[in-house]
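In the two assemblies presented below, chain A is common to both, partnered first by chain B and then by chain C.
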Partner chain A sequence: MPKSATNQHIASLYHFLAQCMHYPDPQWMNEDFFNILYQLLETLGAASEGKEIENTLAQSSDPIEELQIEYTRLFINGFPHVVAPPYASVYMDQSIQGGFALKTLNFYRAKGFLMEESADLPDNLIHELEFLSLLAEEADFEGEEEFLSTLFRPWYKQFCPRVAQETRHPFYRMVVTLIDSFTKEEEEDGFQLNKA
Partner chain B sequence: MAFNLTRRKFLQTASLVAAAVPLSKVAYAQPGVAKVSLEPKGTMGDTTVVGGLCEMCFWRCQLIGKVRDGQLMKLEGNPKSIDNGTSICARGNAGVKLLYDVDRLKYPLKNVGQRGAPIWKRISWQEALDECGSKLKAIVEKHGPQGICVFPHGASAKYPMHYFERTVGTHNVSEASFFQCRGIRDVAYVATTGKAPGEFVDMANTKVIFLIGSHLGENIHVSHIKAYIKGLQNGAKLVVADPRYSAAAAKSDIWVQIKPGTDTAYLLAIMNYLVTNKKYDKKFVAEHTAGFDKFSAAISEWTLDKAAKECDIPAAQIKEVAELLAANAPHVAIHPGRHVSWYGNDFQRERALACLTGILGAYYVKGGWVPPKNPKLGKTSWAQQEHGDEHNLNVSHDKKVHPFNPPGTPTELIRDCAISGKPYPIKGCVIWGQNPMQTIPNQEKMKQVFKAMDFVMCVDVMPTDATMWADILLPESSYLERHDEIKAGTGRIKADDKEPTQFIAPRMPLVAPMFERKDQVYITNEIAKRMGHAKDIPVQTLEELVDKTLATANITLASVKAEGGIHLQPGQSGYGVPEDFMVQLFSEEIAAAGFPGAPTYIAIEEVPAGFARLLYGRAPVHTFNRSQNNVWLNQQMPDNPVWLNDEVAAKIGLKDGDIVGFINSEGVRSRTTTTVKVTPGIRKDAVYMYHGYGSANPLMSTGVGKGVDDTSLITKIAIDPESGCHGMRNNFVKLTKDGKVLDIPA
Partner chain C sequence: MQYGMIIDLERCVGCHACTIACKAEWEVPVEFNRNWVHRLGPSKVGNELASTYYPGLCNHCAKPPCVEACPADPVEMTFKDTQSGKTATLAVAATWKDPFNGTVQIDKNRCLGCGACAEACPYGARYINPALVDDVSSDGKADKCTYCMPRVEAGLAPACVQTCITNARIFGDLDDPTSEVAKYVVKGAKGLEPKDGAIGPNSRYFGKKKDMTLLFQDHTPELADMGSVKRRAMMAAMVKPAMRKARDLGLLGLAGAMLVKGLTDKKDEST
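Moving on, here comes the complex of A and B:
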């Protein structure tokens, strides 16, 4: 399928969302990043969500550390309990690197992709979004749909509400909701995440 | 949020948005998924990886891993093993679930909250190591090396323990495996025979297996259990002294339902009977024991009747056991036990076991105590350095406080010093693989220790209860992900082989470590560099450490791997008493140190009215708190029902399956509840539960709050005076139900 500007734009959005799920670090999570984020939200009609994030950050003496603590609590080892490890197998196999991770890896392979040495596990949300970005870049819509329906949505729809409901920071609520909207199956469409 | 569009519409909008927003300006990370120029590959296939060495418990069964695409699918016994063979236990199988436990530590964490109520933040290794190094260095500069205490456990803790002991120079090291487990056994046997006994009883070839409290079958170590079962199959008689109808008692020929804490009186009566009736091994006693006359005189008060009364068992049964042992001696396996830190009078009991073995002549003979002749391997670690005894808490006025202590410093001396600041401040705490909150009695006291610290660092694979008290928490690679300790032993390739074969099995990784987990050599070396000890570092990598050790046996990791993960070489039989082997029936050395020279019974506190003694032990599918979060094992045995005598249960109106809590004689209540197991198989004055349940750390999402944490109820501290080790069965409990406290009837 020919590459088009639309495909590139969708690919870059996936890539942007993947980046949002990286551990917060001032090297990338800087003024430029937040400006782009606010701009993106405004264009999507979610300026107030952008404002909420901006206000939360402004109120903190160390906004990046606050996001790091929240990221750790949500996704790594939180207290009293980690909220939502960002790995498919956790939801599908009750394990890190379960059979679902292997299925995911095999899908990447079937499409001609491999994991880099430095990569996290194949079923990490970041890598799944990177993969979707690469598929979009190649305009492999069929592959994208298949991946979303068989390997992404089954776990992500469990992961997303956990984060959205439990997070104490609007940034992560916004990111997981944005990913949700971006990846929802057609049959799942139509419901409004925010009851307001 | 307003993202309530259909995906199709959303994509249309999004593509327009993306065009309008400069997304490319973000400083992106390098993607982890990449296009390959090669033909797309299917599955990489399955491989069998050799060299695994289990550490779900300490027995170190040899493993192979079935690996698919870097993912460990299954663990099996290594077919080349002459130790466990192809068998592994339930815990061994469940190692897969430890490896991939969702709750496992993944990255270095910094506690930006409080100790005990942590708020974790992921930090880089650089930052974590800088913090550990600088904080520990500052403590050493201000308070001296003795200002650091160390609580290590497991294979990975040896290297850092040696660093802090030998190079930094603190004596304040307390290993749970010694001070809360087997240390008393080892030092009592060393004081009696010159040798730590291990579990070297030749059960497969014996005529009588004699167990005091050991509940083999619930306590499973594969090759040990195989020998035990083989012995029973061959017709060995089994004698089990236990207040509870344990798995071993269920197989016994004679079950001695002994009153807790009186085991030494029982042993003394058996020995006195053998001596009085001249049913001991006179030749062995003449050639290989010392102090027989003093010993005989010292134990002469222990008649069958006196012991029967003290132990609450029939005198005839004591005689029956003594006769059975005498009739089958020297081919009798007097088991030294393993976890023996029970009542604070345990050194004497272990001495009695060693002496009983001696007067039966059951050392180095078929069916007796037979230490294997294992391969000789050198040791590679931090160089020994002399640090003097000025700051050794176990030395007071040039005299040892607990003269027969195992290596390290008795735990209670460290804790008292840390809390009081006397005789000197202890301000840094290193916890490595140990969970002192669930291994050391009196949790409140442990909390006080942590609160008294300027800095606490913790290295572990799981977020155990102790990790809640760390300032810096470091994730370690597990036993399945690293090179490490070497198991060397002796076995037989074929059961009827005349001579044994020696084996050397170095641990090799079955899979690569995930996330940012690191091994002990990396972590220790990096801290050592920051504390100014770079020049003392003995090896650069864990692999190098193992290879240097293997070189002393003229083999290498590569050569062992090529041999299937286990090196085999001809061995020698362990039978035949060495000429210089001596059993100190009466020990002048022990007497000179101010303790009874002959094994002596010291009575313990009686159970107060309305209470029952709290006993604990092992579950066959758990290794104490270390495995409580394992999903498979939790499913097999999710909680620890409390064994309650059926007559007692009837009197207080409890039935099987009722939910109860506990309150101990010091007013401490259990945090959680468990179910009641009503049984005639336990004495009326005791209750029993499996140890290692009821984690308090919500990060242990499977194990948290499941069952009752018996350690939380062990608040009364008993200290074995000779060894300084803990006794942990001197605590008394009542049950609680629906908020009501139930007295235990006498």
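Moving on, here comes the complex of A and C:
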């Protein structure tokens, strides 16, 4: 498959989604960031969801801190327990850094990628999205499809509803739904953001 | 009416005059081709030695997968038969098959530059010309062989046909049984139909059995997975404006990528 603008845009999209799943930091989570998110949602026919996020942020005296609290509760630590750890092994092996994490790392290696020493576990959602971005950039379409179907979707489809149902912030509901929509194999040729 | 082209492999000498004429006529960028000539062989075919050429171009297929792949919003277009003056109005995307002359054409004003058609074409006959940009697409526009319709409508032959030094390229109406191209089809001229496909290529080849065997064994293409081609193109078209802005603002990568292309620049740090 030729290196095309299509692949470039898809690579950027995965990269953007990975960015959304980082711990909220005003360095990147700024006005520009949210404007891009709103624009993306608008072109996807989800302008009202964008508006909902905008309103929630506007109502808060410290919107970034609020997102940090929610991020921690959802993905790092919460009471009585963390809602949805963003690691594949948790869902596939019922443990952290299980065999599924190793399988994921081996897939990265087979495609010629290594992890930085400062990186999280290989089956972390952010790394998986970054990896998909790199594959899209290299126009490795088959690798992308294989990774999605064998290593990404099996756990993500369990992770996504947990976050979507449990979150108290529309931002995270939207982000996990976006990731879900863009990684799902569609029966038709369409893209559907809203459940129908 | 269905315009088609016969390439008589018995006459082609692989001189590339056709590719040069095409480039000159349509200002095709150096790195792309609307037509091409590949040398095949010498290879053993059965107990014989075969050596020929693969002069390729858009096949203006009966069921063109590139047309189906186009995600641009359809608009109504009125087509006119230059011979009878009849008209027909069809809803078409930014690329279509002309209902009267059977050629496959592109409306560059509406082309989104997504590249879905280029990925859908099993022959690699389309490219995205990045130099053609406008408000609709800053990624360039799809382009390809038009069977030189502007020349044909002016009463000329396609540039590649006119320039061919051995008359190996013959252009005409395949639906007219008295045309030279139709006579070649009766004699056995065949198109490069993809594996498992029935898209009806209208550029056809005629030659010795061993040369035809070599051509078909080396260059019978496979159909692309249309579902995913179109899905990706639509996805890219939708996210393009926001993602371009994200790139322009340097927002991507602020959090730092943790995966690196490792095998080539892995440093051996001894401590």
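As a working rule, the second predicted complex is superposed on the first by the 184 of 196 C-alpha atoms of A that agree within 3 Å, B and C clash if a C-alpha of one lies under 4 Å from a C-alpha of the other, contacts with A are read in each partner's own complex, and residues count from 1 in each chain.
The rule is simple: a residue touches a chain if its C-beta (ideal position, glycine included) is under 8 Å from a C-beta of that chain, and two chains touch if they have at least 3 such contacts.
Because the structure is a prediction, the values reported are computed rather than measured.
Colleague: Have a look at chain B and chain C on chain A after the superposition and call it: clash or fit.
Modeller: Result for chain B and chain C: clash.
Colleague: For A:V90, is the partner it touches chain B (first), chain C (second), both, or none of the two (neither)?
Modeller: A:V90: touches chain B, not chain C.
Colleague: Determine, under the contact definition given at the top, whether A:D180 touches first (chain B), second (chain C), both, or neither.
Modeller: Only chain B is touched by A:D180; chain C is not.
Colleague: State whether A:E49 touches chain B only (first), chain C only (second), both chains, or neither.
Modeller: first
Colleague: Applying the document's definition of touch, where does A:Y71 land relative to chain B and chain C: first, second, both, or neither?
Modeller: A:Y71: touches chain B, not chain C.
Colleague: Between chain B and chain C, which makes contact with more of the residues in chain A?
Modeller: B
Colleague: Using the touch definition from the top, say if A:Y108 reaches chain B (first), chain C (second), both or neither.
Modeller: Touch status of A:Y108: both partners.
Colleague: Which of the stretches 59-67, 131-139, 167-175 or 257-265 of chain C runs into chain B once the two complexes are superposed on chain A?
Modeller: Given the superposition on chain A, chain C and chain B clash at 257-265.
Colleague: Which chain A residues lie in the overlap of the chain B contact set and the chain C contact set?
Modeller: 5-6, 9-10, 12-13, 15-16, 18-19, 22, 27-28, 32-33, 36, 39-40, 43-44, 108-109, 112-116, 118-120, 126-127, 130-131, 134, 182, 186, 189-191.
Colleague: Which residues of chain A touch chain B once you look at their complex with the stated criterion?
Modeller: Residues of chain A touching chain B: 5-6, 9-10, 12-13, 15-16, 18-19, 22-23, 27-28, 30, 32-33, 36, 39-40, 43-46, 49, 65, 68-69, 71-73, 76-82, 85, 89-90, 94-98, 101-102, 105-106, 108-116, 118-122, 124, 126-127, 130-131, 133-134, 173-174, 177-178, 180-186, 189-194.
Colleague: Under the stated contact criterion, what part of chain C meets chain A in this complex?
Modeller: Its residues touching chain A are 113-116, 118-119, 128, 139-140, 226-228, 230-247, 249, 251-255, 257-264, 266.
Colleague: Enumerate the contact residues on chain A facing chain C in the complex.
Modeller: Residues in contact with chain C: 1-2, 4-7, 9-10, 12-13, 15-16, 18-19, 22, 25, 27-28, 32-33, 35-37, 39-40, 43-44, 108-109, 112-116, 118-120, 126-127, 130-131, 134, 141, 145, 182, 186, 188-191.
Colleague: What residues of chain B sit close enough to touch chain A in their complex?
Modeller: 1-8, 10-11, 13-36, 39-43, 68-69, 71, 97, 100-107, 109, 112-113, 117-122, 463, 468, 473, 514-515, 631, 698-699, 701, 704
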